[in-house]
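The following pair of complexes shares a single chain, subunit A, combined with subunit B in the former and subunit C in the latter.
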Partner chain A sequence: MRTILYLIRKEFLQIFRNKFIGRAIFGVPIIQMLILVPAVTFEMKNISLCIVDKDMTPESRGLISRLDGSTFFHYRYTTFSESQARQLMNANKCTLVLEIPRGFGKDTGNGIPGRIMASINAINSSTAQLTWAYLNGVLRDYNADIIRQNPGSLSGQPVPIIQVTNRYWYNEKLVYSHYMVPGILGILVTAIGFILAGLNMVREKEIGTIEQINVTPVRKYQFIISKMAPFLIIGLIDLALGMVLGKLFFKVPFEGSVALLFLCSTIFLIAILGFALFISTFAGTQQQFMFIAFFCMIIFILMSGIFTPLESMPGWAQRVDLVNPVAYIMRINRMVILKGSTISDISRDIWSLVAIAVSFTFFAVKRYRKTA
Partner chain B sequence: MKRFLGFVKKEFLHIFRDYRTLIILFGIPAAQIMIFGYVVSNDLKDAGVAFLDLSRDEVTQKLTDKICSSGFFRLTETLTSYNDIDKILKKGKTKAVIVFQKDFGRDLFAEGKTTMSVIADGSEPNMATLVTNYITAITTDFNIEQARAPGGAVSLISAQVRMFYNPSLQGHYMFVPGVITLIMILICALMTSVTITREKEFGTMEVLLVSPLRPTQIILGKVTPYFILSFINVIVILLLSWFVFGLPVKGSLVLLLAESMLYILMSLSLGILISTVSSTMQQAIFISMVGMMLPTILLSGFIYPIENMPWIYNWVSAIMPPRYFIIIIKDIMIKGTGFAYIWKETLILAFMTMVFIWLSIRNFRIRLH
Partner chain C sequence: MTGQSVISVSNLVKKFGSFVANDNLSFEVYEGEIFGFLGANGAGKTTTIRILSGLSEPTSGKVVVAGFDAKKEPEKIKKNIGYMCQKFSLYEDLTVKENITLYGGIYGMSKNLIRERTAMLLEKLSFQAWGDRLISSLPLGFKQKLAFSIAILHEPRIVYLDEPTGGVDPITRRQFWEMIYETAARGITVFVTTHYMDEAEYCDRVSIMNEGRIVALDTPEGLKKSYNASSIEEVFVKIARPK
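For the complex of A and B:
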């Protein structure tokens, strides 16, 4: 035990000897969190709209002002030529071109369905779908108004309509920062622990100091533990700092138990650090480690379900995700912090994380050889 | 010049000697493009929904079937009371609960309208918005279908839609350009900053500095091999995205390659700048990975459109070079537009490259201390 403590002390001294790293491991997560969290939102507003109004009747103008009045659309350009509208879209000046054909007003007045043509920039398919849904929503309301204004002039009895009301539990106003704070914190803690722990190990190899350790009576597991513990502690401190700031600046509600969150985070960090040390045994230089780390980190993060829904991934990818510790911690953070889930709600995720942590650490100890 | 070429050759030997790095250098971008082209997407598919049907009539049955058979949703459970909603949402597999009030169908026909409520799990805002939007759209369709049945009226104004550039709404139109941008800047910045700090950390930089090579030649010699390798990398990625995802370059290929060269140059000079401010490899890696990865993903418009961010982020993201390259690559590859549409972004990238180089020259120490 005393050996481990001495080794841990040595690691801490080495980490904080580099002034930049010493400050950056606490500064970078905090600053990035404060800057990045408010930026991220999927909420669409100000969809820039270009109108090609070939009709110029009170009806078409009514529709335009209706669109402009909604919070989603921002009426930016008006033109009479399709090619100019096309150019505006090519130049990223507008996302939605709405063409109102000649005769639109006359038709609607006569009870013939009016047709308009919407062109949406669909490079980002999900925002395109949302834009389309919003446009349909505005048209729906507009139609309902027309029906209400001229009762009787239309054939038949009123159409039975099912309306949908939406409610969002746990985050009623869909505040994105409440969702992003735990997510971004999780990613930053992962990145710091993963990269620094692995680099530390490879650095000893590259410089040759690992051989000095190898000839001492230090046991394999003691060495691995002493390489993991400092980053575990740093990670937990980062997390605590981040949570406090998240609460202060972004008013993230904290529904669940703090102890549970830290228990899960500890298991998660052990898994990440174990994995870092495991792959560090394959790398001979820091450069090699860095590339492997880059590869794994990007995959872990983009497949964690924080930026895109897990359910949208193909089945095989979801199965691969079973060994992605970041996916587990994202889910757990969200559930504990925002929903107040208890240990029994997330027990399956916790056990999976434990299994991942134990196996990665086991492989790391196993792969590490005390021979030159 | 001969000296310089000799130095470049030495650098190439360094890189090729280490076959592991070489495999990684080419394998990683290719593998990542493949993985993300297939995996990452924002489309809704098989999201778990539960129903609380207090009415149990023909209309609710039809609507339930319509929602479950749409391909977007998967029925997880049928609830019997309000108290179950919290329990099932807390488990996390169910993203939304759809509630039909008592006498839903009777109200619909007696009063001409009725309301169903969707209770979505707001702890995942993306998912919640997607789910409620899709359910609303399906319900609207349902309304229209019912209205078309004999005796109903037709809806008044309807819009036809044309999805420009990406008619089948595929996710990789957005993710392939994004991943290229993300990977190129991170890998280039990482490689150059590490290779230079490595010499510093091991003390071999001093050997180079006392050699007859000028400092500029040393730096250029270090960067040239990576420039060539990165350029080959871009070509490999473009070929992959063409053959695997059927995403050809619609615009001018020459222009795209020229822009990629500029982007690589910018990333390499960023790497040089990082190397001048860091003394150890650890520090360089920390800056170029922990420091740059998340801002690049989040502020470049890769996943989250910049227009939707609070206005101040228009300025914050203005200093992110990837933001401009994403626009350039999307314009050339997918829209097929020419230089006239992207000259501004090109100028900004060129300007950034110059600033990075100027700062690096100012910071570069040729004296020992």
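For the complex of A and C:
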């Protein structure tokens, strides 16, 4: 134990003697939090709209003003030529081209369904789907209005008799930043742990100081623990920092127990640090490590469910995520912070994380060779 | 020199793939002696030292250091040796005192003992003013002397010095050898590799390696006599340069 303390002391001395790293350790998470949380959003506003109105009737204008009036759409272009509309779409100047053919106004209200055509730029498929969904929503309201205004012409369209009232649980106002903060907290802790710990280990190999350690009777586990502990502590401080920012700037509710969050993040950090140190035993240079680390982190993070729901991933990907520690912390953070889940609600995830942490650390100790 | 044997090597072979770095070495090193390990670059000296320190596993043969088998108990060997790398490997971003404390702590020395030895060491090297300076700011000669002192901080039975005086000025080299004598006088066996033939003359016994094999092993006097040479340098040239 004393040996470990001496080694940990040495790590801290080195980390904070390096002025750049010493500052970046606390600066990077702050910047990450303040930039990523407001920037990364799937909410869509101001979808640019191009109208080809060949009808020019009060009905068509009514539809257009309704679209323009919604916060989703922004009425940017109007033209009478389909080819010009296509050019605008080609030039990425509009996302949605809405064509209202002649006769739209005459038909609506006369029992004949009015026809319009929507062309949507689907380079980004989720943008396209959302655009379509928003458009449908506006049209539904518009339809209902027509029916209400023309009670006599009730031909096919019945007024809906099931009135649905919905409530969004755990994030009533669908505030996007509330959803992102727990995720970004996970990312921030991942990056600090993974990269710094691994680089630190490989650096000792590169400059040869590890040789001097290997020739001492230090036990392998002692050395690995002394490489993990400082970054575990730093990671938890960064987490605290991130939580304070989330509370102050983004008013995230933090429904659950803060102690539980720290407990889970501790286990998570051990898993990530173990993995990083395991990887570092394969790398001979910092460059090699960075390459592998970057590759692994991208996979861990993109598959973690931070941007896309885990449930919609293919079955094999969900099985891969069983060993992805970031996927667990993502879920845990969101459940504890937004839902106020208790330790018994997430016990399965916690035990899985414990198993991952223990095995990664075990592999790191096992792979680390004092005698080649 | 009639001490007990502290290093005993018989039929040591170390291969890296098809390359034979150590080809059937057998020798003994006795307690308290200064054992010179000579050889051209790439002769396999560092490989041997790494095996004797438990850093590298022998391919075959028997190696016993301080009573422990290098293949089975390398970690026990490590408790009993000090090792000074060819490549300087103290922490450059720590101060002199921090490095000493770290290694003292690793070897399980008590806080008081560390403090005591630190003070002693700094005084002996007349380093007192340098205790709080970063290693990276020290001149090479000081660094080498410090590395040596740290290697024997825990009073090991054997200390390995791998080309400790490479690139060091003659005065520091001389001081370094005074330190080696002092260490050996305290009963610590010194196993030293060098390129400087004058240094070989200071050793109790000298072995000369060539292409992975030990081709000569004797006292400096004995070597000069049997090769009919006036200096070790001459002996070395006669051996290393094929006729």
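Just so it is clear, the second predicted complex is superposed on the first by the 359 of 372 C-alpha atoms of A that agree within 3 Å, B and C clash if a C-alpha of one lies under 4 Å from a C-alpha of the other, contacts with A are read in each partner's own complex, and residues count from 1 in each chain.
We adopt the following convention: contacts are C-beta pairs under 8 Å (C-beta built on N, C-alpha and C of every residue); 3 or more make two chains touch, one makes a residue touch a chain.
These figures come from a predicted structure and were not determined experimentally.
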Clash or fit: subunit B against subunit C, after overlaying the two structures on subunit A?
fit
First (subunit B), second (subunit C), both or neither: which does A:292 touch?
first
Check whether A:360 is in contact with subunit B, with subunit C, with both or with neither, and answer first, second, both or neither.
neither
When the two structures are overlaid on chain A, which partner does A:217 contact: first (subunit B), second (subunit C), both, or neither?
second
Report for A:3: first if it touches subunit B alone, second if subunit C alone, otherwise both or neither.
second
Contacts for A:208 in the overlay, against subunit B (first) and subunit C (second): which applies, first, second, both or neither?
second
Partner chain in contact with A:18 - subunit B first, subunit C second, else both or neither:
both
Which partner, subunit B or subunit C, touches more subunit A residues:
B
For the overlay built on chain A, what is the smallest gap between any CA atom of subunit B and any CA atom of subunit C, in Å?
12
Of the residues on subunit A, which ones does subunit B touch that subunit C also touches?
18
Given the complex with subunit A, which residues does subunit C contribute to the contact?
53-57, 74-76, 78-79, 81, 83, 85, 87-94, 98, 101-103, 105-108
Parts of subunit A lying in touch with subunit C, wherever the complex brings them together
2-3, 5-7, 9-10, 13-14, 17-18, 207-209, 211-219, 370-372
In the complex, the residues of subunit A that touch subunit B are 18, 20-21, 24, 28, 32, 35-36, 38-48, 63, 89-92, 95, 98, 108, 113-130, 132-133, 135-137, 139-140, 142-143, 146-147, 154-172, 174-176, 178-179, 184, 187-188, 191-192, 195-196, 199-200, 203, 283-288, 290-295, 297-299, 301-303, 307-309, 311-314, 317, 331, 334-335, 338-341, 345-346
Residue set of subunit B touching subunit A in the complex reads 18, 20-21, 24-25, 28, 31-32, 35-36, 38-48, 59, 63, 85-86, 89-92, 95, 108-109, 112-130, 132-137, 139-140, 142-143, 146-147, 151-167, 169-171, 173-174, 182-183, 186-187, 190-191, 194-195, 198, 278-283, 285-287, 289-291, 293-295, 297-299, 303-305, 307-310, 313, 316-317, 327, 330-331, 334-335, 337, 341
